[in-house]
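In what follows, chain A forms one complex with chain B and a second complex with chain C.
Take a look at the complex of A and B:
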């Protein structure tokens, strides 16, 4: 997933979270609702329907909230994975080790003398 | 004017207004004719047809007049006559006159409208026969019948259709009106109304619904609304409470997951460096997405295919740490304990006892520090150690595999494969065992107890060299890979590639080491021969032994632009000392008798070919002979010494 699409997803998710939260707050307010009912003289049925509607809405928005947060968590995972998989080996450190051919051949001679003749060189 | 007497005869006995008479006489048949259904229609027809000139009273039903008492009838007549009329003035003569006038007017009308004598006559006749109901219906029929002369059948049918249609329409309208009235009535007198209601209406509309009663609006009481509000609030609170608990539950759950994941990733970031090969994969057991870790040496140039060297990074819930679980390629291996992979190479050197035909262990390579059980194991490095161990074991596995393959070809040089885990290299005075050993507790225990032996270092060096040579093989493979990639892009000569491939496929682990040792022993033998055959018999002499000068042709000759290749070349070249075919030059300086040049070569690492040249004092080369047999060489040297030197 590209950085751009990740950012877009982040935007989308945060917006969804904000909306869901706002909706929950809206439906959870008690005083305002009852005032409105008294003003308009609404009858009992509408109170009941509003109550049930409110419950359903709060429920859906809560699940949306949860889903949004889970999405965010998944996103962090994606980002971590991305970081892990797109690491570039450090070229410098691997190039630092220069091979000393002279020393190598010397060591090898030593090896030969030890292994073949069984005597360590003086 | 025979009309008059007839009308008089009919009209007079009834004592009625002649004006009304015409109407009533027409009404009678209508009444008799019709059933109650089309009463209204019949009422309409005469009104439109004949009663236009009369006053509004003509609409009154006949029965009413017949039955009305005289005291009511007279004022009615007076009223119908208009103002200023007195009942006393009404005489028979006057009435006759009026009737006559009426008749005349009707006659003119018929004349004007129809212009036909027959019709007129017929209509008069029909008027005459007022009382006969059956004949009353004839005028239309006769009219139509007469009309046939002038009217086409089509037109007649059209008229008929129109009439029927009008009748149907009127019937419908009247039924509707009846229904309406019935329905309205039903609220007051249900039984009476339901009698005249059609079944359809009865079935679909409840009685009394058209009554227009006023329904009282029941305003909810204060208490009721309060209760409703309380219920509403209760529901709301409950839903909020549910949402809260749901959120909390999910929060706790995801916190747990998050913590686990955080640990997982921090471990990964801590342990996995950017040199490791990590890739996305799917866990075969659980089907979960996970990260694969490659500990095999494929990317370093290994072409070993029996074990791909791939592990899955797993979080061990029991030990609460990250684990590497190697993926088994073949299904058979699943049952084998993971410990079975933990095998390593051990080199043992046995020295032959001089007197007996027996060997004694004089050297053993020690265990890699990685294999030792980690004391006070550092948790931080656990993962790294896991990786190292995995890498170590797969490396050893491959090394053994290569050694076995190589040993097959080296049978004639004292290399034998005892079993699939053991290779023995025999020399005149000693033998070396390369063993692929299972790591177990016994070995670990023995290792700690073992006393150091004389040849331990040699064994260790031998093992190290084998590993190094495998690395050199990797490098060659890598170089070949890079070159073939480059060459496949450019137009490459196939020869170099195929030669590359053949060179790469040949394992070179035991052979160079064996070659060195054998070369050394050849050299010893050669020296002995020289000593015996030349040195002992010549007085002035000088022996120089030198390994053949290295030629750095590889690096300088080919121009290499690629960084990687030049680096790889360098790395491979570093091992040239051991990888190059052993070659030793021996110069025996015989002072004024010239020089003896001997070159000991070991093509194929293990054979021995000696080239002998004799250069005399005047720098003439006399012989340039190659020997692969030391006996011949000895004889030849004898020959040279006796012929030229002495």
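Take a look at the complex of A and C:
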């Protein structure tokens, strides 16, 4: 995922999270409004429908809020993976490897002289 | 495996963002809790409700700004500390580790001879 798409996703998710809480508060007051409607003598069925709609919408926005936080957690994990798995090997480690090769050559020569030819090491 | 200092700083910053994201959820839960109290007619919970709403938006702002900063750090380091975005580095350090292990073994054997 490129950094541009990460930024776009961050913008989208932040906006969604900001709206979700406002929507939850807004729709949770639907049942309160429905009480007023009932007092004014409207049909009880429509009151029940509005209250149910309110609950369903609150549930939807609550799920959205949790999903948004999950998406942001996944995003931090993606960034963490990039830092850990896409590092450019530094020069120090490649120098170490050259030293290792020289050391390897000396050790192998020593090994040949000791084990294969049977002479004592110098 | 020890990481360079700069990468450790970035990982630490990402951990802090994770904590902030969890705080957002906690604030949202407190907002809904106080909202339930308000709806049951407890007007004394209004200041608490307001403070939790403020805390929710402040945490969201902090997490969003910090995450944006981390994405910028990532973007700035592509090509210097990080490989281009579409390249996956294989486990290149594995060969060196194996070689080192074999050298140590050889050295031990030679000392024993």
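Here is the rule we use: the second predicted complex is superposed on the first by the 80 of 122 C-alpha atoms of A that agree within 3 Å, B and C clash if a C-alpha of one lies under 4 Å from a C-alpha of the other, contacts with A are read in each partner's own complex, and residues count from 1 in each chain.
Everything below uses one rule, namely that contacts are C-beta pairs under 8 Å (C-beta built on N, C-alpha and C of every residue); 3 or more make two chains touch, one makes a residue touch a chain.
A quick note: this is a predicted structure, and the numbers were derived from the prediction, not measured.
K.L.:
Under the stated touch criterion, which partner chain does A:109 make contact with: chain B (first), chain C (second), both, or neither?
P.N.:
first
K.L.:
With the two complexes superposed on chain A, say which partner A:87 touches: chain B (first), chain C (second), both, or neither.
P.N.:
both
K.L.:
When the two structures are overlaid on chain A, which partner does A:75 contact: first (chain B), second (chain C), both, or neither?
P.N.:
second
K.L.:
Determine, under the contact definition given at the top, whether A:3 touches first (chain B), second (chain C), both, or neither.
P.N.:
After superposing on A, A:3 lies in contact with chain C but is clear of chain B.
K.L.:
So, does A:24 touch the first partner chain B, the second partner chain C, both, or neither?
P.N.:
After superposing on A, A:24 lies in contact with both chain B and chain C.
K.L.:
For A:54, decide between first (touching chain B), second (touching chain C), both and neither.
P.N.:
In the superposition, A:54 contacts chain B only.
K.L.:
Quick check on the superposed pair: does A:66 touch chain B, chain C, both, or neither? Answer first, second, both or neither.
P.N.:
In the superposition, A:66 contacts both chain B and chain C.
K.L.:
For chain A, give the residues common to its interface with chain B and its interface with chain C.
P.N.:
In chain A, positions 24, 28, 62, 65-66, 69, 73, 80, 84-85, 87-90, 104, 108, 111, 114-115 sit in both the chain B and chain C interfaces.
K.L.:
Which chain B residues qualify as touching chain A in the complex?
P.N.:
220, 224-225, 228-229, 231-233, 235-240, 242-243, 246-247, 250, 254, 257-258, 261, 265, 268-269, 272, 274-275, 278-280, 291, 455, 457-458, 461-462, 465, 513, 516-517, 520, 567, 570-571, 573-578
K.L.:
Flag every residue of chain A that touches chain B in the complex, lowest number first.
P.N.:
24, 27-28, 30, 33-34, 37-38, 43-44, 47-48, 50-52, 54-55, 58-59, 61-63, 65-66, 69-70, 73, 77, 80-81, 84-85, 87-90, 94-95, 99, 101, 104-105, 108-109, 111-112, 114-118, 120
K.L.:
Quick one: in the complex, what on chain A touches chain C?
P.N.:
Residues in contact with chain C: 1-3, 6-7, 10, 14, 17-18, 21, 24-25, 28-29, 32, 62, 65-66, 69, 72-73, 75-76, 79-80, 82-90, 93, 96-97, 100, 103-104, 107-108, 110-111, 114-115, 121.
K.L.:
Using the touch rule from the top, collect the residues of chain C that touch chain A in their complex.
P.N.:
Touch list, chain C to chain A: 3-4, 7, 10-11, 14, 17-18, 21-22, 24-25, 28, 31-32, 35, 39, 53, 56-57, 60, 63-64, 67-68, 70-72, 74-75, 78, 80-83, 85, 87-89, 92-93, 96, 99-100, 103, 106-107, 109-110, 113.
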